[in-house]
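The following blocks contain the structures, represented as structure tokens.
In what comes next, chain A is part of two complexes: it sits with chain B in the first one and with chain C in the second one.
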Partner chain A sequence: MPDSIIAILEQHIASKILKQPNRRIKPDEAIISSGLIDSFSLVDLALFVEDTFNVRMDDSELNAQTFDNLDQLASIIQTRQKKS
Partner chain B sequence: MTIVQIAILAIVALILGRLSKGRELALLAVSAFVVFWLQPDEPFVTLRFWIPVATLGIAVLAWALTSAPEARGWKQNWPAAAVLVGVVLLMDLNRYFKLEKVYITGTPLLPLTFGGLAGIFAFVLLLLRWQKANRFWMVITFIGIIAIFSFLKTPSLVKIVSDFAVNRRGQGAGAITASLSWLGFSYIAFRLMHTIRDRQSGRLPSLTLGEYVNYVIFFPSFTAGPIDRAERFIKELRVPLSLGNEDWIDAGTRFFVGLFKKFVVADLLAVISLNDLLVSQVKTAGWMWVFLYAYAFRIYFDFSGYTDIAIGLGRIMGIRLPENFAAPYLKPNLTQFWNSWHMTLTQWFRSYFFNPFTRALRSGKRPWPVWIVILVTQVSTMVLIGLWHGVTAGFALWGLWHGLGLFIQNRWSEFTRNRMPAWAQSRHGQVALNIVSIFVTFNFVALGWLFFNLSTPIIAWRAMLRLFGSA
Partner chain C sequence: MTFSERLQSHLGRTPERVAVYLQHSGQPDLPITYRQLLRGANAYARTFAREKLQPGEVVILILQHGVDLIYSFWGAVLHGAIPSIMPFLTEKLSPERYRADLAALISVTKPAAVVTYPEFEAEVRAALKHGDSVRAVIVTNKLELQADPDFNALAGMNRSENDIVLLQHSSGTTGLQKGVALSHRAIFNQLDAYGQALNLNNGDVIVSWLPLYHDMGLIAGFLLPILSGVPLVLSSPFEWVRAPYKLMQSVSQYKGTLSWLPNFAYNFCAQKIRDRSLEGLDLSSWRAVINCSEPVRWESHQAFYERFKSYGLKLDALQCSYAMAENVFGVTQTDLSRPPKVEEIDREAFMTERVARAPVNGRPAMKMMSSGRPLANTRIRVLDEHGRDVGDGKIGEIALQSDCMLTGYYNRPDATKKAFHDGWYLTGDYGYVSEGEVFVSGRKKDMIIVGGKNVYPQDLESLTYEVPGVHPGRSVAFGIFNDEAGTEDVVIIAEVDSEDSAEQDRIADLIRRHVTKNSAIALRHVKVVGPKWILKTSSGKTARSANKEKFLKELELQG
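Moving on to the complex of A and B:
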């Protein structure tokens, strides 16, 4: 399950945010602290996650301390899906 | 804080860290005492007493407003209330103890202090009992905090009050020309607003009075941050981290490195840091750059040194404060600079301003074009961060400088993303590009400090022209 979440996230970030459809993002690659995703795109990513996976991302969670790679983001999404 | 005050607090932190019982209350007592102890002179002498009382009072009121029902019981909260009242009365009694070196002796008469405390107590009871109106009071408190904050940060308004006080007292011998200041308010205000917003969104954990006030006035981070988040702070307040040998070394190193950065490096750099006078005296561009760089490094070493001291003191007591700096001058772009400069403040503004604002603009019925959203949100956020330092044209321009910088950087990286020449993707090419990027980013930030540091935009502009050899 997390693998498919990661794949969806990777695809969205590569094609929609970075506009480089062929770009690969490793599951443990830093995406926020590295500057790959800026603060604006981070909000866009949160909106995408909320719409796609039907979970809530709070505005105060959009930072590298909460998640900094696809692995971490996917496990947050999974935990919240189980709860609801 | 002076080095002596820091040394005393370090010893106190060592003792507090070793307590196994009553630690939370002892920490509360020390932090409350520090609020009085460090408050500087005021144009009205008794304000040096009443402002700390207001700091504690506003924290207690905000607790009453934001506390979860299960955390409101008298049984779990009376010890903390007793500690706070005890500290206030003890400080007031200095009119009889006459310990002039510790605190002012011109404190108010006891009945006045009792009156003030009774007023706060009554208000707290009202808020606790009359829960239905809490939503309303949260909005009022939020606006009130911003209003007080704006007043305290506007030099011209503060000057009017200070001058009034000095005139009233007369210019006789011994008249203090201190200006009005509320120590720690910049940070307290942002902690309070965070808890109010999180309470409104239902995310604030349940906190007792002792936990809440400890969070707001935790003495290592009271005067200069970092701005922690309540849910993170209380975890370690409840169960302090155990300290192994390595942790002791880490905490101690952090503390002493901080002292060195602040009191040696920053204070030495201060001698050659750019200021108004130097701008009018220096004739060559070369020296202007030297003085500007000196200022850029001074402000970094000063502020990050303070943070190191705070983090070190926290660690000694088993509480890990969040990082505030992560090598900001070695970042290849402005986005990453702001991910590593005064991070806890930036994160605060992202959580409670930038993110909700961007979200609102992105999810409206007719979403605005991306570039307009980025321009509006980045510029407004950075101008607000500028104004946080003071409501002056210089700070606003500094914010504008960075807001536009972030916008331009965003557009530039959009533009170049799929246009990178082959050489730039080679290993050497990437290294070279990285070095150039760090150089450009650092200089952009350094030039921004002109607006931040010099007293008027005109002087800043004159300095800018001279740096580029045209004046």
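Moving on to the complex of A and C:
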């Protein structure tokens, strides 16, 4: 399950945010602290996560301390899906 | 009148009136009355005196959104020192680059002191050199106590209105920055003229998240309200970009009447706010949301209006201004009683003849939105390359004259001299005048304006050359307008020897990371190509517009 979440996130970020559809993002690759995803795209990512996985993301969570790679984001999503 | 005298007058008449409602995510809003503002500022003024800072000396403020930034700014004013706010280091920017920028700023501006947090003191000291101008690094936990000011003892009360009151640094990415030096008199003249254009009154409430190191945030979103006695609800760009709905919530809660936004923010708000964040909000108090600091787009206003009209937003509230730090802030302002005028002009005539005229027989048209008429104290001319007036409807460089111009670029007499021609300030912006209204159409230089921030392509190209595998002279940077975002996307193209696509992707990644870390500019498209992709002029210079066209064509072919 987390693998498929990661794959969906990777595909969205590569094609919609980075505009490089073939770009691979490793599950442990830093995406916020590295500057790969800029602050203007963070809200996009949160809206995508909410719509796609039916979980809530708070704006206070949109920082590298809460998640900085796909692994961490996928596990946040998975934990919330289990709760609901 | 000086800033200190104005503050003294507010304190005397309305000490308990709230000057600023300071907002922080996850905390209740903090109301700061004029009395509290002056007590907090006085603690800084006394600290500056303790550190032997002299009136007329520059103090650099390296602080984030919060009370210390506000108090230290006004503390410097009360002490008669010249505050200048520098952006704080963000996650995006590398500390090395930040240090280099700070060192460059110090070498030109020659500040006597820097104010920062204790946690950041080491970072500031790392940018200092033996024998430079900085005599004190003042940290926010070693201040004198807050107390009601004794105006007789405050050095700021002895300033004259022609003295420089603050420096506003332009937002160049790298290299030598220009600090716009403004006098008390210039700022009050601007506030009078601009306030008149806005019909500013004591029912107004200004809501802003704009950064105070930028002229729009500093003047419209800080000095105008505080000096005019109009309440300010102040958040930060850091919080707004993560939670844009909070702007609407604040307007509804405080019955906000005036806000300023760069063009992209209209699109951002229209696209990225959920219905659930808007439930029960009333935006009918908003009498002007003023589009300023990047090219204004009618489409952006439409999108914003469609998204928020069911929450009470009035169509007349969407307005425009053309502004620049060199005129303190506003140069023009649209008439708030009606929507900005929109002209349809012939696209080809605009491009090739530099004329704005109505399209004939269904030829391709473009919509130009007015930035309004010049303020009462400001005069405008539109000039051709020989400095002659071009006449109505013709595109040329906008020049201006007013009683609120900069004193000069601080310690840069060369740059100051270059900016003026026969007593007129040359803006570097292209535009035209139609029936007394100014329409701004572009920049003279290849500057990219992304999210209200000015970026010089040559700065980004230089950074690209620092990436292993990219040869000097074989990179080109430019902006392409993104209709969805309402601002420009930054494109970098770099030539490398390798034709291998995996190797090219690897270098593209390195470029993206390196340029962003050193400029704090996010890149949308990074294209690494094999030899001989980039077009050069006959003299060997990179032709940005030709490369931009080639890039756009390829993008189109890819679908």
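In this text, the second predicted complex is superposed on the first by the 84 of 84 C-alpha atoms of A that agree within 3 Å, B and C clash if a C-alpha of one lies under 4 Å from a C-alpha of the other, contacts with A are read in each partner's own complex, and residues count from 1 in each chain.
In this text, a contact is a pair of C-beta atoms (placed from the backbone, for glycine too) under 8 Å apart; a residue touches a chain by one contact, two chains touch by 3 or more.
On a predicted model such as this, the values are computed, not experimentally measured, just so you know.
> Of the two partner chains, chain B (first) and chain C (second), which one does A:D59 touch, if any: first, second, both, or neither?
Both partners.
> Going by the contact rule set out at the top, does A:N22 touch chain B (first), chain C (second), both, or neither?
second
> Which partner does A:D71 reach: the first (chain B), the second (chain C), both, or neither?
neither
> Given the touch rule stated above, what does A:G35 touch, chain B (first), chain C (second), both, or neither?
Both chain B and chain C are touched by A:G35.
> Under the stated touch criterion, which partner chain does A:D44 make contact with: chain B (first), chain C (second), both, or neither?
both
> Under the contact rule defined above, give the chain A residues that sit at the interface with chain B and also at the interface with chain C.
Looking at chain A, the two contact sets intersect at 19-20, 32-35, 38-40, 42-44, 47, 59-60, 62-64.
> If you look only at chain A, which of its residues touch chain C in the complex?
Counting only chain A, the residues touching chain C are 19-20, 22-23, 32-36, 38-44, 47, 59-60, 62-64.
> Quick one: which bits of chain B touch chain A in the complex? Just the residue numbers, please.
198, 201, 203, 229, 322, 331-333, 335-336, 339, 347, 350-352, 354-356, 358-359, 362-363, 370, 373-374, 377-378, 410, 414, 417-418
> Using the touch definition up top, name the residues of chain A that touch chain B in the complex.
18-20, 32-35, 38-40, 42-44, 46-47, 58-60, 62-65
> State the interface residues of chain C toward chain A in the complex, per the touch definition above.
That would be residues 25-26, 91-92, 238-239, 241-244, 268, 272, 274, 451, 485, 505, 508, 512-513, 516-517, 522, 524-526 of chain C.
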